[in-house]
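Structure provided below as structure tokens; questions to follow.
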Amino acid sequence: MYQTDRKNAPNYFSIRTDLAIEARELAQQEARQADHLEGVAVKTEENPDYFLTHVEIHSEKGSRLMGKPMGNYITLEAEKLKENDAECHEKIIKVLAENIRSLAQFDEESCILVAGLGNWNITPDALGPKVVSKILVTRHLQETLPEEIEETVRPVAAVSPGVMGITGIETGEIIKGIVERLQPSLLIAIDALAARRSNRINAAIQLSDTGISPGAGVGNKRMMLDQESLGIPVIAIGVPTVVDAATLVNDTMDRILGEMMQQTEKGSAFFQTLQSLEQEEKYQMIADILGPYTGNMFVTPKEVDAVVDRLANIIANSINIAIHPGVTMDDINKYTF
Amino acid sequence: MYQTDRKNAPNYFSIRTDLAIEARELAQQEARQADHLEGVAVKTEENPDYFLTHVEIHSEKGSRLMGKPMGNYITLEAEKLKENDAECHEKIIKVLAENIRSLAQFDEESCILVAGLGNWNITPDALGPKVVSKILVTRHLQETLPEEIEETVRPVAAVSPGVMGITGIETGEIIKGIVERLQPSLLIAIDALAARRSNRINAAIQLSDTGISPGAGVGNKRMMLDQESLGIPVIAIGVPTVVDAATLVNDTMDRILGEMMQQTEKGSAFFQTLQSLEQEEKYQMIADILGPYTGNMFVTPKEVDAVVDRLANIIANSINIAIHPGVTMDDINKYTF
Amino acid sequence: MYQTDRKNAPNYFSIRTDLAIEARELAQQEARQADHLEGVAVKTEENPDYFLTHVEIHSEKGSRLMGKPMGNYITLEAEKLKENDAECHEKIIKVLAENIRSLAQFDEESCILVAGLGNWNITPDALGPKVVSKILVTRHLQETLPEEIEETVRPVAAVSPGVMGITGIETGEIIKGIVERLQPSLLIAIDALAARRSNRINAAIQLSDTGISPGAGVGNKRMMLDQESLGIPVIAIGVPTVVDAATLVNDTMDRILGEMMQQTEKGSAFFQTLQSLEQEEKYQMIADILGPYTGNMFVTPKEVDAVVDRLANIIANSINIAIHPGVTMDDINKYTF
Amino acid sequence: MYQTDRKNAPNYFSIRTDLAIEARELAQQEARQADHLEGVAVKTEENPDYFLTHVEIHSEKGSRLMGKPMGNYITLEAEKLKENDAECHEKIIKVLAENIRSLAQFDEESCILVAGLGNWNITPDALGPKVVSKILVTRHLQETLPEEIEETVRPVAAVSPGVMGITGIETGEIIKGIVERLQPSLLIAIDALAARRSNRINAAIQLSDTGISPGAGVGNKRMMLDQESLGIPVIAIGVPTVVDAATLVNDTMDRILGEMMQQTEKGSAFFQTLQSLEQEEKYQMIADILGPYTGNMFVTPKEVDAVVDRLANIIANSINIAIHPGVTMDDINKYTF
């Protein structure tokens, strides 16, 4: 699970979100700009089954305001992602496959590396490795495949490098080592994300072309995986699978107090006290009360195992369709069982 | 995971806790009695490695105040339960084994049934099934064991019946069916619990002789597993492995506001508003804000898989030692690998 | 995994098979009757995707010859069961659903119990529990379902009782206890089988209406699960997932020697020696050479995990379609994810 | 699982074994030398709990005779490896740790890489990944550890790269990429092996300093992991967890026919036919009879899951003790839970 780098981000991003749509909400709130942020272009598309938001950060100023690198962020939101609705999921697979293809130019023959980031021992962090286990891997078959099949699949390799606590090695180092040996033309990296709002958990999928920074890490030595560090384009695919406990408390309290304020006399001493608190201070107060294990606590739904399995299936199908010339909507679930 | 029955409990227990020590805190708070509750006797024992609290509810009045059935509740608290400290865990296994034996008289020959309640697909709810997988099961071997070994083990059977959502059958029905056929002299039931405070997660083990009510269940038709319903004594063993998200927000907010109150003028309108809110109302407000999936959200630590494995190991060792005449502290981990 | 009871079966069935089609081959061989066995009616149906054999044992004589109880045995054979061929599997699901319905009369409203026999810790024996995890379980929802949905599903409960080595309780006892409490109108029991030939592994599915005898068991106290013992009809569904090692050696040796015999002079002393060996003796010789762990050794394909998952999916889909009035071929994989 | 390269090995090694002690048996048989092979030195050590064989291949001639690279092969055999005997396993851990240290000089500070080869989805092939999950990994902690602890542990990294069928990348490529980036001073690689005899399954552990060739692979492009290819010493640790089905049939048939020959007139035509068959031909005949899936079939014991878990625990403990200066026999199971 990666998370916004709190050290380097502007102060108001102290509360973690990996989602561009949440970063935008926060930035708008901070900038008291309801509609527009400079350097940030937003397009939305509504559909009975899902809601699509394309955020493009196209200037340094926009990047600073958003606390995120310049580039494209496409978020698909759908309550039905949490449910077992095969028909709706087919539509989502189709739109995801199209959007994956829109984020990078790639010919039909070069090798693509798919990397599943995260810890397979922690259910909500196992999304990446689960996607990887459902990718149609073909790089090792290229010489033995009959020609008619060879044209329908490109060479694809897929790895789940594990997290630093398991391997003792930064994820980025392993990925970089493999990229250097394989020389793929594209890296697709899948990771579980942290959201701010519990209602976003497992209800959104974010695609971006701005790279990914695997592993939270205390020391912050994390190696960014992006075009600059790897020399190849990187498509990151993420799903918010948890909210950290302190963030949940903070946001819920803000909202509940907001509602209560409306019912009581404004300007009371308490209201002032609360208003005068910096977000950072308030978050720290909550974290202190939650105790030393807080950083370690997250909020997740009971049925997280089943939902992460389904999400991994949706994402793996959309990747398989996006990258293999001959894999189509008719092949859904053929390689992801 | 079971939880206090909110329908039948007095109003002030609306926020769920399965732990007698937390129920006592709440009851004392409500009754504004710092030291004593009528009908409730408390003994504590401090130790460098753990803290032991024996709560005995010995009257109807005490049961009403506590919102729990009459009987004995023994809670062992230890921060080190969360850590990989083999030496400390050995001490805990020893004291748990002694306390299990203190909760029921049993001869050395009759059969004991161990039941692991909970859902094996949900990590923090898998404690019971994991304990069961480590129990030294012997009932089927009684006729084939050599005599010298036969004297060291009693007949023990063990089942993990699964939860109603998986089987379509109330857990209590399955257990009752098995008890009727096997006629054991004692049921030991293990279940994951819900706590109120995040710092209690995976840091306490509760033993009781008052029975257990498996499965939360909306319809509340749950069958109580106790001496009355089964005709045999029941020892329940539970560990709080989660806090539900709304409870966490509620309690943290209470504490943070409490601290903030001290710093601002008392008697403000806001303070009054807050004071005047019934706990039930406030909980409902939070639940509404958290949205329709709230009931489904829980807070749990990242390393929950490893911690639940370790807790299952500790509990299984203590049960094996408590119930088999010839299994001793020298046999720790021999049957629980 | 169950297996033919070697103690009570006629001598020539000493080498284990759970498949009626293999029992028939053996019986024909023994009786030197190529086409017909008294009391045994056979119908076959060939299809590009599968081969269907309906064996009906309709007399005591037939039962003795076959070493199996009177009744119907339907076996579907398909090499493609081992492969990931969604289209072919759909056809198989359809024909299985029809044949399940042909084996028992059941109205649309009474409760059905599905039982997954076998040990979930041993991959090739985990078929039953895996099927159960994919059954659409509805018994607990009957009161809360909206009427229009209620009519499309019947009450279904499903359990995986575990094996005697895990629970200390005979599987039959647990099933019987549950049947007594639930009073279902039908039991469907799924189990992994042992085959004689390695090429049948994971390539056949057998349905029968003659009951099932879970667990091999040294003591042979096994409780038969059938109409007689339970008072309700029983449909057994099984897949051969292993061959025991000694059987594999025995059969392969028979065949290789057979071929070698053809090339050398008949009537040699060696040939006579071999001919004079009883099957039982030969099997014992092999078992002795394989050593004390032989009984414990089985032959299984490398990809057994994936194949058992797929088989469980096929069987669960066919059961869901067979028993729920409103579940159709359009709902394939909807409940089995 | 790796296996002797059948293409390049001398003809008489056509039947696969990864164990030096089995290669020696075969070579002696072939050379009709009961005691001694040129260029091969053998030392044995008997002990109530285990049997230790040290095979040193010290000349090119010895290497050719054995079909294995020059170097040291230490094999520990113990029936109790299959059982849950904690006391005996402690002794084995001790002797393994000493022998691991004897196979490579290493200072106390340089980094060691541990690699778990094999496929985690196939139980008997999951030994390597399971060992890795129990290694005390410290490389990422070196800067944050307090000095007194830092001296007790060396930097250790650990990876389970997966097999080519999963990743599309040769295991050797991934390992080589990581070795190049990390520059460790030693590689310890753990893999499951194939044995010839079913009674050796899970009953032997082989250590060697001659490198390892991960993945069987038809194409035989496999990259050897050894001092030559990696530039650092390599310790290979392996356990035979399977016998391939055709090998089992072949060897058992040889032995059963051997016994039968003794009882019948020697020199019969049949005996001659059999004698005249090349091993290679006979193996092929068996493989043909077993059918197209034979290469895919293996023989393994029922309780393989539990045994592989125990073996992984023994090996991981012995590695942790061998490589970390401050980890001793008192820390057994402390890091391997």
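Each chain carries a letter (A, B, C and D) given by its place in the written order, and its residues are counted from 1.
Here is the rule we use: contacts are C-beta pairs under 8 Å (C-beta built on N, C-alpha and C of every residue); 3 or more make two chains touch, one makes a residue touch a chain.
Predicted model, so just to flag it, every value in this text is computed and none were measured.
Using mean Cα coordinates as chain centres, the one most removed from chain D is B. At the interface between chain C and chain D, over half of the residue numbers involved are used by both copies, so each side presents largely the same positions. One simple way to say how far apart two chains are is to compare their mean CA positions; for chain A and chain C this gives 45 Å. The centroid of the Cα atoms in chain A and the matching centroid in chain B are 36 Å apart. Separating the CA-averaged centres of chain A and chain D is a span of 41 Å. Multi-chain contact residues, meaning those touching two or more other chains, occur in chain A at positions 306. Because contacts link each chain to all the remaining chains, their graph is best described as complete. Contact residues on chain D toward chain A in their complex (touch as defined above): 133, 137-141, 143-144, 155-162, 164-170, 173-174, 176-178, 180-182, 219.
Chain B makes touch with chain D in their complex at residues 84, 86, 306, 309-310, 313, 333-335, 337.
On chain B, the positions that touch chain A within their shared complex are 82, 121-123, 125, 198-199, 201, 245, 248-249, 252-253, 255-256, 259-261, 263-265, 268-271, 273-274, 285-286, 289-291, 293-294, 296-306.
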